[in-house]
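Take a look at the structures below.
Below are two complexes that have subunit A in common, paired first with subunit B and then with subunit C.
The block that comes next holds the complex of A and B.
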């Protein structure tokens, strides 16, 4: 039971991170290979504040997220005006730089040996509430003015600009919102697992989040959450295959990419209206499909 | 000392140039960042290691075999991960996800075969260092610089002077028009992936020799090639070479003064600085997002 509860909690933390990447990748069409680095900033900053400076948890968590957002602003600044490829390359370089800093500043971060001594203040209910709040926030963001502007510039940046959308500003808002969510997931992770080390936050984690977003559906939040659950649980279920599970994982994703290019759910969202439509379609049968 | 630093910097820079050109070639032809390039480097560096350990061959045959295998891996990657996406004319999004997944795939294969162990790369040279007057130069640096330079010159010649190179440039300029002109687009893309894979393999083996050890983490050095590409201008081959040499020199000098621990931070700051001052890169060819 304990094991399943911890898998569930880690899945929920992953969902918060994936929701953050959803804002950046599925809505705004930007790829970051450094979101895991912002997760690391959240984890380490809150850890240093609580463990070394004896802050209480809540203000430390808030300040850690704030620090991530400020750093994110400076990382994003040179890239938002450029072609979207730049943000993935710059964030990748940023991740490497951050890993080097975490490894070098042994006095503050514990270096390669890792940072331990987090008090275990996070439990399953807190993570559950946080995940629900984050998902609702992202859903509202998608519906908001900025969310729709994001979708517009994802489709065609030039046309979005011509329609009067301030493209760099919207990109920056999406990036910083994503950074805030991801760094929150870092804070929760650190205070749940009570130990972090720099290797946890490499670009592969960021890449995996992007894959999860894609796997569930190109721009479906429901799909992203679903695939976060499936793709976190899948490697756990495939334990018996040990080394081969990552190969299996990659092959599954490549197959979906090649043969189901819109991802599992495409753009479908879990809303009351859509669920109703789904059931109606089943009742009407041939009529609905011919009308499409 | 200064000359030694300069030569080491050039040698490191020339290896980064191999990574960056392999990356830029794909970027210029399909307009996406190939993130599986690092894992391809790791995979072919291990091929070089096992060939050398198994046969005891000298450097040149090992390099040739690794490059061939690297090229074939590139072809394989294009076929399983990018072919259908290109045929569908999908958005960059798909290339990105596909290349990361492909990278994960390669890397898990390496992990299955070699685990997390360290491998001591074969030396290849009977004399590890050459004395010229008062200063000492590593043989590997000289050989790396020489072979990289020759390979890059051949690449530029092929791209500029041969029919194949012209086809490559035509496809990278406008794929549809090239197709209308009777160029076999998919064959050309396959050739680009073969060349890119071969360059990546060469870089992988050289990085193994330069670092003496080989681990599954070798592929992380691909980030240097990416940074060099950004400095030089995305998608420009000559820009990538200049950017890489500049990065190699700066990095070697920085490591000498501040130590290797903080070097990634310094290279990141250099990249950010370049993006602020000259976002279009040294080559000055700014790739625009197509409407």
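The block that comes next holds the complex of A and C.
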């Protein structure tokens, strides 16, 4: 029971991270291979404030997210004005540099041995509430003027500019919103697991988040969350395969993306209207078949 | 003068796409640009709307120099355009496509974009009403929630016009709006362009190969060939200009034969 609860909690934390990457990758079309570095900043910054400087948790968490956003601003500055492929390179470089720094600054971060001593202030209900709130915020963002401008510039940057869209500004807003969410997931992770080390936050994790977004659906938030659940739970459920489980995982991802290039749900979103439509279609379908 | 383009030139590597191009367009006026393929017509639009910055020359919009401004700021100052190869936003419905042109003008903050504040609701409502208004003008009111790729070609062009109208243009640039349309649709489009020009009073610039359209509605026509202007005047004057007949109309007749 304890095991399943912890898998569930970690899945919810992943959902927050994936929701952040959703804003960046699925909405604005920017591929970051360094988003996990902002998770690290959230975890380490809040950890240093609480463990080393004896701050209370809540202000430390808020300041940690703020620090991530400020660092994100400087990382984003050169990337948002460049062509979008460059963001992968810049963020990859930034992410790997950051893990190297965390490894080296042994005095402050514990280096490769990891940072421990986090008080366990985060529990399942808090993560659940946080995940729900984050997903709702992202859903509102998608339907807002910035969400639409993101989708527009992802499709056609030149036409977006011709409509008066300030492309670098909108990209920056998406990037920083993504950074804030991802870094919050880092804070929650650190104070739930009570231990972090630099290897957790490499490009592999960033890449996994991008995969989850594509696996779930090109621009479907529902799909991204669904795939975060499936792809986090899958390796856990496949433990009996031991060494072969990652192979199996890769095969599942490849099969889905091969046969459904738009991802599991494509662009479909879970909204009352769409659910109603789905049922209406089903009914029409049965009518048609019974008519025959 | 509303739009004053003076002596603009644009090179790509060694290719001179546009050389020493000048034109003035006033309120309510329709100016046509014609010329064979590769004459640099779209380059002129791209320079005016800020996709490219002119190597030389200047562009004044209501007296303000917009030559070096970024594209989105030029749009905000009042230049709306459509594209030769239709460029609608995939993944957004028809009304959302038009809404994208409203969004840069929409006045709510980041907070409003993640929680539904009253300000957001009011602005979204204002935008939606404007969208519906412009979509009605171009005759797309019945399809607002469809995906743009489901529309017939002619309707996609109309959607681009609605989107350009949402930018509150003082100058509307239409890049081959009749390309791919059948004769009936060309007739309807001609009426639409004349109606818009009259109702909104903006300056219109029109690149077009369909001579029946461009000769029928333009007050003034500029003929381009190999990046250079070879004739300017009323449709009648242009039709009788020997240089134009040789370079453009003559060639077209051969094509037809």
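In this text, the second predicted complex is superposed on the first by the 285 of 292 C-alpha atoms of A that agree within 3 Å, B and C clash if a C-alpha of one lies under 4 Å from a C-alpha of the other, contacts with A are read in each partner's own complex, and residues count from 1 in each chain.
The rule is short, and it goes like this: a residue touches a chain if its C-beta (ideal position, glycine included) is under 8 Å from a C-beta of that chain, and two chains touch if they have at least 3 such contacts.
Everything numeric here is computed off the predicted structure, so don't read it as measured data.
Contact with neither subunit B nor subunit C is seen for A:272 once the two complexes are overlaid on the shared chain.
In the overlay built on the shared chain, the residue A:94 is in contact with subunit B alone; subunit C does not reach it.
Of the two partner chains, neither subunit B nor subunit C is touched by A:107. Contacts of A:81 after superposition on the shared chain: subunit B is touched, whereas subunit C is not. Applying the stated contact rule after C-alpha superposition, one finds that A:261 touches subunit B and leaves subunit C untouched.
For subunit A, the partner that touches more of its residues is B, with subunit B and subunit C as the two candidates. Residue contacts after overlaying the shared chain place A:137 against subunit C, while subunit B stays out of touching range.
When both complexes are overlaid on chain A, the residue A:159 reaches subunit B and subunit C alike.
Contact with subunit C, but none with subunit B, is seen for A:167 once the two complexes are overlaid on the shared chain. In the superposition on chain A, the residues of subunit A contacted by subunit B and by subunit C overlap at 156, 158-159, 218. Per the touch definition, subunit A reaches subunit B in the complex via residues 25, 29, 31, 33, 78-79, 81-86, 88-90, 92-94, 96-97, 99-101, 103-104, 156-159, 202, 204, 207-208, 210-211, 214, 218, 243-244, 246-247, 249-251, 253-254, 257-258, 261. The touching residues of subunit C, counted against subunit A in their complex, run 49-51, 70-72, 75-76, 81, 83, 87-92, 96-97, 99-106, 108, 110, 112-116, 120, 123-124, 127, 163, 166-167.
Partner subunit C is touched in their complex by these residues of subunit A: 137-138, 140-141, 144-149, 151-152, 154-156, 158-167, 173, 177, 218-219, 267. Of all residues in subunit B, those touching subunit A in their complex are 27, 32-33, 35, 80-81, 84-85, 88, 90-94, 96-98, 100-105, 107-109, 111-112, 220, 223, 226-227, 229-230, 234, 261-265, 267-269, 271-272, 275-276, 279, 287-289, 291.
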